[in-house]
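The structure that follows is given in the form of structure tokens.
Should a chain be cited, it is by its letter among A, B, C, D, E and F, assigned in written order, with residues numbered from 1 in that chain.
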Amino acid sequence: MRPSARQADELRPITIARQYTKHAEGSVLVSFGDTQVICTASVEEQIPRFLKGAGQGWITAEYGMLPRSTTDRMGREAARGKQGGRTLEIQRLIGRSLRAAVDLKRLGERTITLDCDVIQADGGTRTASITGACVALVDAINHTRSLGLLDDDPMLNMVASVSVGVYNGEPVLDLDYAEDSNAETDMNVVMNDQGGFIEVQGTAEGAAYSRDELNAMLDLAQQGIAQIIQIQKQVLND
Amino acid sequence: MRPSARQADELRPITIARQYTKHAEGSVLVSFGDTQVICTASVEEQIPRFLKGAGQGWITAEYGMLPRSTTDRMGREAARGKQGGRTLEIQRLIGRSLRAAVDLKRLGERTITLDCDVIQADGGTRTASITGACVALVDAINHTRSLGLLDDDPMLNMVASVSVGVYNGEPVLDLDYAEDSNAETDMNVVMNDQGGFIEVQGTAEGAAYSRDELNAMLDLAQQGIAQIIQIQKQVLND
Amino acid sequence: MRPSARQADELRPITIARQYTKHAEGSVLVSFGDTQVICTASVEEQIPRFLKGAGQGWITAEYGMLPRSTTDRMGREAARGKQGGRTLEIQRLIGRSLRAAVDLKRLGERTITLDCDVIQADGGTRTASITGACVALVDAINHTRSLGLLDDDPMLNMVASVSVGVYNGEPVLDLDYAEDSNAETDMNVVMNDQGGFIEVQGTAEGAAYSRDELNAMLDLAQQGIAQIIQIQKQVLND
Amino acid sequence: MRPSARQADELRPITIARQYTKHAEGSVLVSFGDTQVICTASVEEQIPRFLKGAGQGWITAEYGMLPRSTTDRMGREAARGKQGGRTLEIQRLIGRSLRAAVDLKRLGERTITLDCDVIQADGGTRTASITGACVALVDAINHTRSLGLLDDDPMLNMVASVSVGVYNGEPVLDLDYAEDSNAETDMNVVMNDQGGFIEVQGTAEGAAYSRDELNAMLDLAQQGIAQIIQIQKQVLND
Amino acid sequence: MRPSARQADELRPITIARQYTKHAEGSVLVSFGDTQVICTASVEEQIPRFLKGAGQGWITAEYGMLPRSTTDRMGREAARGKQGGRTLEIQRLIGRSLRAAVDLKRLGERTITLDCDVIQADGGTRTASITGACVALVDAINHTRSLGLLDDDPMLNMVASVSVGVYNGEPVLDLDYAEDSNAETDMNVVMNDQGGFIEVQGTAEGAAYSRDELNAMLDLAQQGIAQIIQIQKQVLND
Amino acid sequence: MRPSARQADELRPITIARQYTKHAEGSVLVSFGDTQVICTASVEEQIPRFLKGAGQGWITAEYGMLPRSTTDRMGREAARGKQGGRTLEIQRLIGRSLRAAVDLKRLGERTITLDCDVIQADGGTRTASITGACVALVDAINHTRSLGLLDDDPMLNMVASVSVGVYNGEPVLDLDYAEDSNAETDMNVVMNDQGGFIEVQGTAEGAAYSRDELNAMLDLAQQGIAQIIQIQKQVLND
């Protein structure tokens, strides 16, 4: 029995509100249950120094948590003077995942920065961030195209993410905080809408996991992400 | 004529939504027109080192802007590795202002941290922050009292804030970004609900201002803050 | 009765020694009683990046305190690896105040940096800094003109500053440390020699202050600054 | 055909030299082909603050690369003033992996720090680090036991790691730099000597990878790690 | 011929003004010609963590230059967020030198911090700092003794310093900036009043120097420091 | 009697292994007894900003210690976020010393960075670093010449270094850690192969040292460095 009384293969309610703030070219509030993240996509007509002359664009991401998005208040990273290892790891993951959604040559010499700021955390903030950022990215690209700055659509495919894990000995989908903090294994999976894997990151928290458990978790992730991509597409059609 | 077509003494629509996120002891979303700030109040049963043995509590504040809360994307302070001068100045102002609302002896040996994070900026983020933080503070104190941790109410009075300025030669109330970025003078005023001044900060942006202009701005601020405190009290009664 | 036995409207002895050090284009030692600040004005024939192409110059300021300028030794900011919030706030104030003294277009594409380093602190270091920096600025501009680099005088007016406060219930002028650390209200005022206000920053330290007290403090500041500007002008005529 | 002319399932020559430096309780030089890493295990009779009172020990890791361990010189992280995201990510992975090898309760209230410093890089530095660190860890624990400080052996199992990837469309084992920098997919796998998975991190560098490719890579990793653990055990028996 | 027309073995005018600022237990303004340094000695009744239980005191030093103490304005170290290598090197030298003047056991469990802040630089700022700091140190120790906190005098001897160098092929004493910036060799020597060497630091700036030149420089330093110690003693007797 | 039973004028066994790692243009492992340092020389076809237009090259150095190169583990400087004063002092010394070996004009507009990373420390790491770096530098310059990038040999002379000290009242050569940590005086000397002095840095650790002791130490250093330069030349001839 899961703390939330969900079935093992049941997602939390997932919502994605577009045009959440007014300044960004793409801006959504994504919720995976009580986990809420503001994802904005900002288009800038310049590229990072290391791409000078490469004739392509860039997608990058930054991640943050409001200090009281968590049960106990966390120190503000800006005040401590550096981003922690977990933050850097997550924003690198978000950036890599979304670059896999875009043809960077076709994007042209511009940078899209995906800012994922967690307003309220209840497990799965990185998977919600990737999922929401992809919708914000589509909106930002469409906005850029509507300005006539970009002829071809550089989007290759949608990208979405979900966590899976082994909780009380059973593989489960989309862990909330109550599960996540007690899971034996925690795995984050990123896939595209053609069923391809972008990223698999599975960590044994206590005991090691078997190849069978790994397979069961991957099965759950595949079907969960397929549902999430449906939600993304529906939201983009509204 | 103001860009927003408001009267010189007219506030923007001000709303304060309580219990905006679930973890903090106090949590509001405050809007002054399109300026939106999440203010949370976090209660911790400890005091800063410099107050050891002083037999009192502490109120402090931190302020941040989401990178794309602004028209153009701002660098994330956590990534740059330090908070800028403007940020430090604003969070010091918020902290000072809210300390003036509380009897720190009566608060007991605990710290309340007010985190003000700007989701969307359109002028007046510091005045909205102070106004919202005061409501979050009341909720956090009431929550602490409901737990039986605090007998007497340490709130001395409500505190609220508004900006005033000279725009096109005329003193106006509650400047939005269109006005703020072109004002000759910009003044932030913090007052309590007994008509006392907590803070006055007036800066000539271009030409210096006269004593008469200063007086006219203070008049506007006094009546504007009186209205804002009405809104705070109404929201707290709901 | 003030600790210094001064009248409520009486300034401390104010002296400004010009050409205090030999390298800077302008260099003064300013004393407000026991508060002593070295103010240097350095002219550099370049402008900050954000002004490229704007066809104007820039005035900026930095502020520091020698570690033992204070009663107890303060940690050196260079050793701690960052400037504190108070330092940033003060140097932003000094910079803004002096920019109000100069026509930046007429200054041409050069930067003047005002370094205010407190040798000995006894209250009012920021007001002494602004007052001394203005004299150093005039010397630096005259030096630049004497080199034939600058035809028109870009000085618009003199700028000076003083603190006022409410001490033991009475509004007083130019607080020293003994008063400052016990004042109910502390206000720093910056004005120009045409009677215009550049900056007003008033903070209730304990109780809030009334509009009447605010007016009384402004009256004191106006007459005090008028005297200080007399001293500046006299010193520049020597 | 692999650049190194190896078979798809062929490891590079792997050597582990023990007692490589004289001060550390455990110290090895591990080589995966031309990749060379010094791994030291340092035992300290104290625990991090967050474990006070938990009655257990701690294993942590730090990772670095000598500036010229790489083809082009990399900036020294100590000189740049911070560890990059990749470094933090790798040292978090090493720490997590080795904690899965040890019963932290049985370790007692002491900390073992695993320092992995890359002398020469040719792909797979993190997998070599984990593999070498495990041998250094065993030596450090045996040294601690030989001093009579530790009765029971806290080692639960050996841990080793290898990379797998898809290169030119074919799944291959233990990528060197020539392959790694051109692979379509790169996966790092950490397992224990009972065949359990500790960590799986697979990243699509260009195109996404299919479930079949994922399975083929996991097969390769399982057999490669089994061989590496043989080498570890042999070295420890010498 | 030296730029200053001094003899090869001639010091610049050296003055040491005591009680230069009012808060520090010892405070001097030392001048070696146009080089001017404020040296304060601050006594704190605590010791650094690494000396807990050692039953001794500590002497440490910090060094800084006002941004416009030099011909061209230098960036402020506090603003840049770190002390440069030259600064750290100099303050380590000052601290080591002064520790050689004191019996740290007899000092008792207290720390004396010597802050040397250069107001105006014209070569030899580190030698002037050491020389002035020694006088400030004596004053601070005498002040501590006058409070009855310290029975025995912990001063072992006076310490002073001077630079020597090879300029235009000739060994010279006490280089000013015009010489220092063109010298072939620059050597700083610290000695005590019993003729013992505390520190010798000689650097070939261009060509290497011979043993004969080294000897000649040491001869000059010995007689120069003897004179400087006379000045210190005279000043302390006033 | 020295702890190592060496004669007062006896060096430890000194070895210099060339081509120690494969990427750097010059790379050696230098050993002075148990002190082991990897020295690499990296050639980059660019110059630092402050040499733009000067028509010359640059030699610079960086120094680091592996955390467990020492008896007790030292914190990693990259993790602490800055290089300590000792590190900066040593790398400045290495850079200055090696610049004295090269005609920077003849080097052309390129930079050679000498990275000295201590693998195992047993006293004298800075003198081993300078000695090894000089051999790596020669290899890097010869490599650059072999590529046809550099016609004339910019090497002016070989440079080597050794420590001397007073231990148990007797001047001794090449102190190991057991001596170094108990020496009354510690002096590092850098010389070239023509008998010229590049750097002399002598520090009294406890008592001051006399001119006679200074002379005796310099005598030891001169003959020790002569032997070390023989070893460098032999190694380069192999």
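As a convention for this text, a residue touches a chain if its C-beta (ideal position, glycine included) is under 8 Å from a C-beta of that chain, and two chains touch if they have at least 3 such contacts.
The shown structure was predicted, so the numbers you read here are calculated from the model rather than taken from an experiment.
For chain D, the chain with the farthest CA centroid is C. Put simply, chain D has to spin 120° for its C-alpha atoms to lie on chain E, with the angle rounded to a multiple of 5. Taking each chain's centre as the average of its CA atoms, chain B and chain E sit 50 Å apart. With centres taken as mean Cα positions, chain F sits 33 Å from chain D. For this pair, chain A with chain D, the centres built from the Cα atoms lie 28 Å apart. Residue positions 81-82 of chain F each touch two or more of the other chains. Contact topology of the protein chains: cyclic, one closed ring where each chain has exactly two touching partners. By the touch criterion the chains form one closed ring, and its order from chain D via chain F is D, F, E, C, B, A. Put simply, chain B touches chain A in their complex at residues 21-24, 27, 34, 36, 38, 40, 42, 44, 62, 64, 66-71, 73, 76-79, 81-83, 87, 113, 115, 117, 119-121. For chain E in complex with chain F, the residues that touch the partner chain are 82, 85-86, 88-89, 91-92, 96, 100, 187, 191-192, 194-204, 207-211, 214, 218, 222.
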